[in-house]
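Multiple structures are listed underneath, in structure tokens.
Two complexes come next, and they have one chain in common, subunit A, joined by subunit B in the first and subunit C in the second.
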Partner chain A sequence: MQINGEFIAFFVLSIFAIGGAVLLMNLVRVVHMALALAFTLLSIAGIYLLLNAEFLAVVQVLIYTGGVSILMLFGIMLTRHRDQEGDSVRPWHNLLSFLGVGSFLGIVIHTIYNAPLTEITAEVGTFSTAWLGEAVFKQYVIPFEAVSVLLLIALVGAVILARKESKP
Partner chain B sequence: MSMGILMGPVGLLFIVLGFVTFAILFERKVIGWMQARIGPNRVGPWGMLQTVADILKLLIKEDTIPSKADHPLFKWAPVIAFVPSFAVLAVIPFTDQWVFADLGVGLLYYIAVSSITTIGMLAGGWASNNKYALLGALRSVAQMISYEIPLIMSVVGVILSAQTLNLTKIVEAQEDLWFIVPQFLGFIVFFIASLAELNRTPFDLPEAESELVAGYHVEYSGFRFAFFMLAEYVYVFAMASLTTVLFLGGWKPVFGLDLVPPILWFSLKFLLVVFSLFWIRATLPRIRMDQLMQLGWKLLLPLALLNIFLSAVLKEVFPGVY
Partner chain C sequence: MPITSYLALSAILFSLGLYGVLTKRNAVVVLFCIELMLNAANINLVAFSKYGLYANQTGHVFTLFTITVAAAEAAVGIAILIALYRNRNSVKADHYNMMKG
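Our next item is the complex of A and B:
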């Protein structure tokens, strides 16, 4: 393995992403957790950039770091936020969680090692956003429209559910 | 080469700091003249050193942190707010030679990175543990999110015409005709939305000093406060540059006057945009919160969508012109 700029950048960004996730689990205040999550999401955008996925990286920043994090912060600030996490009441809870997470990790690692990743992949070095646009809006236009209709339905459904509660 | 990579951004930082210093003076002078006052005229010749004195005062002020504040967040918030404001300048093409990162998705990069500042404002208002600061922060975020959508939608027309997201290529597509002419509706929506994104009058509700004291940065003093103000004025620089690049033809000369260097053309157009920001601040009153939301969602967003539709139709009907 040769050590070049890309490797160092990947290393630093991975540490940032994992560090943000660890902070998310360990911080006490909910607002700090949300900010740690935003940091993790931003670091992941950096990793996308390293993989030549400029568009995906920028959209990750726009949607996740800029949008979802702020939505969460808003939600935290407008609801009960003074709660701090106490110690777990059930002692076997930690053990069960560890078993669950451990088996999930095992399944994921098993899937990754069995996935046919060594097949020939498309050339990514000269990838451009224009190609992405053509692929989405010409080749995959019907799945794209189906997903957008699904999202629209979810949006309208959320509005209807939220309105019902507020009415006397 | 490596020196150039390092020195370029540092040079840009000093240019931006110089711009901010004189933009504040210019703003106070312009608003003074429009209100039949003289404006600052005591420190230095023609008041030139007024902002320098103000900054010096800010830097030697005591750095106060409220005892009930969320200390780490309070310290980090100005940094989170400032860093994106400078990072967006990386993709702005000042001339065809002078651009730091010629990203393929430059326009989206600008919009995405600038949205991170909102987190800094929200964190600052939250960490202050002050109701005015929190109200200001919530208002600010609501406003930024509402106006980001018309802002993005209004540039889609430009993207359709230029067929690229790269800012350099967008300028090159304006060789014959600036986008302000075919995309006039888009320009109007973009300009109003950018005023709101910059938190400037008539959209300065987040820091309405007469009702909210000063909004999200009420508890800040000294250099932390200076950082928030700096972030705002760097955004003025960035947004005026972006307006120039998207709609006013960037460094392209007017009437084919090639003798004037491109950077001067860019500066002239850029200063025109900055002046109109100050002009609007001096002439328009602040709008109310409910009016703000109505304007954003019920007027600007439909207009921006109409602009996308019109651009797409006109591009198909008159492929040469648009």
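Our next item is the complex of A and C:
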């Protein structure tokens, strides 16, 4: 593996992403956790740029780093956020989860590094946002409409769920 | 870059999210970790749209739909959480045991 710009960029971005996720696990205040999550999502947008997915990188910044983080901050501020993430009542539960997730990660990494994956790279020069738009609005127009209906239903459902219930 | 690096990064992020879902007690933080797991899956989709036997840009379309569904899920999740908080006055996930038999 030769050291080139792509390797350095991938290394730095993945360190940022994993570091943000580890901070998300270890920080105490919930607002700090939201900041760590936003940092991780921003690094994932950089990973998309490395994979020649420019439009997806911008969408990731707009929706996740912008929209979902702010939505989560609303969720934190509207509920009780002053109490801190205390110790678990069942200390063996954390250890058991750690062992389970660790063995899962080990199996997945072992499978990935032994799988016969090809080194064929797509012709990234042909990747374009224009192609993406044509595909979404021609070939995938039915899923697109279904997703728009889903978004509308989610909007209405969220308003109904979070509305203050009137006392009968 | 070999594709295995991207897949390994995605697996690590997914495992961290899974660990958070299993251990965190604050329901908002559990929602954070679910978002992290969805993003880890998206990295796989985009990586396979660049590397692989039949690599083409269709993977980006799939990721766009995943991001949309994840945004809808986050909105409904926060709404359910606020309704639960209003009724139970707590955000601890292990206090929500109304449906326990």
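Criterion: the second predicted complex is superposed on the first by the 142 of 168 C-alpha atoms of A that agree within 3 Å, B and C clash if a C-alpha of one lies under 4 Å from a C-alpha of the other, contacts with A are read in each partner's own complex, and residues count from 1 in each chain.
Here is the rule we go by: a contact is a pair of C-beta atoms (placed from the backbone, for glycine too) under 8 Å apart; a residue touches a chain by one contact, two chains touch by 3 or more.
In this text, all values refer to a predicted model and were calculated from it rather than measured experimentally.
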On subunit A, do subunit B and subunit C fit together or clash when superposed? fit
With both complexes overlaid on chain A, does A:H32 touch subunit B (first), subunit C (second), both or neither? first
For A:V22 in the superposed arrangement: first (subunit B), second (subunit C), both or neither? second
Between subunit B and subunit C, the one with more contact residues on subunit A is chain C
Contacts for A:V59 in the overlay, against subunit B (first) and subunit C (second): which applies, first, second, both or neither? both
So, does A:L42 touch the first partner subunit B, the second partner subunit C, both, or neither? first
Touching A:I142, do we find subunit B (first), subunit C (second), both, or neither? neither
For A:F74, is the partner it touches subunit B (first), subunit C (second), both, or none of the two (neither)? both
Smallest separation in Å between any Cα of subunit B and any Cα of subunit C in the superposed model? 15
Subunit B and subunit C footprints on subunit A, overlapping residues: 55, 59, 67, 74, 128
Give the list of subunit C residues in touch with subunit A in this complex. 1-9, 11-13, 15-20, 22-26, 28-29, 31-33, 35-36, 39, 42-43, 46-47, 49-53, 55-58, 60-61, 63-65, 67-76, 78-83, 85-86, 89-91, 94
Going by the contact rule at the top, pick out the subunit A residues touching subunit C in the complex. 1, 6-7, 10, 14, 17-18, 21-22, 24-25, 30, 33-34, 37, 40-41, 44, 47-48, 50-53, 55-56, 59-60, 63-64, 67-68, 71-72, 74-76, 78-81, 85-86, 88-89, 93-94, 97-98, 100-102, 104-105, 108-109, 112-113, 117-122, 124, 126-128, 131-132, 135-136, 140, 143, 147, 150-151, 154-155, 157-159, 161-162, 164-165
Using the touch definition up top, name the residues of subunit B that touch subunit A in the complex. 70, 72-73, 103-105, 108-109, 111-113, 115-116, 118-119, 122-123, 126, 134, 138, 141, 145, 163-165
Interface with subunit B, subunit A side, in the complex: residues 29, 31-32, 35, 38, 42, 54-55, 58-59, 61-62, 65-67, 69-70, 73-74, 77, 128-130
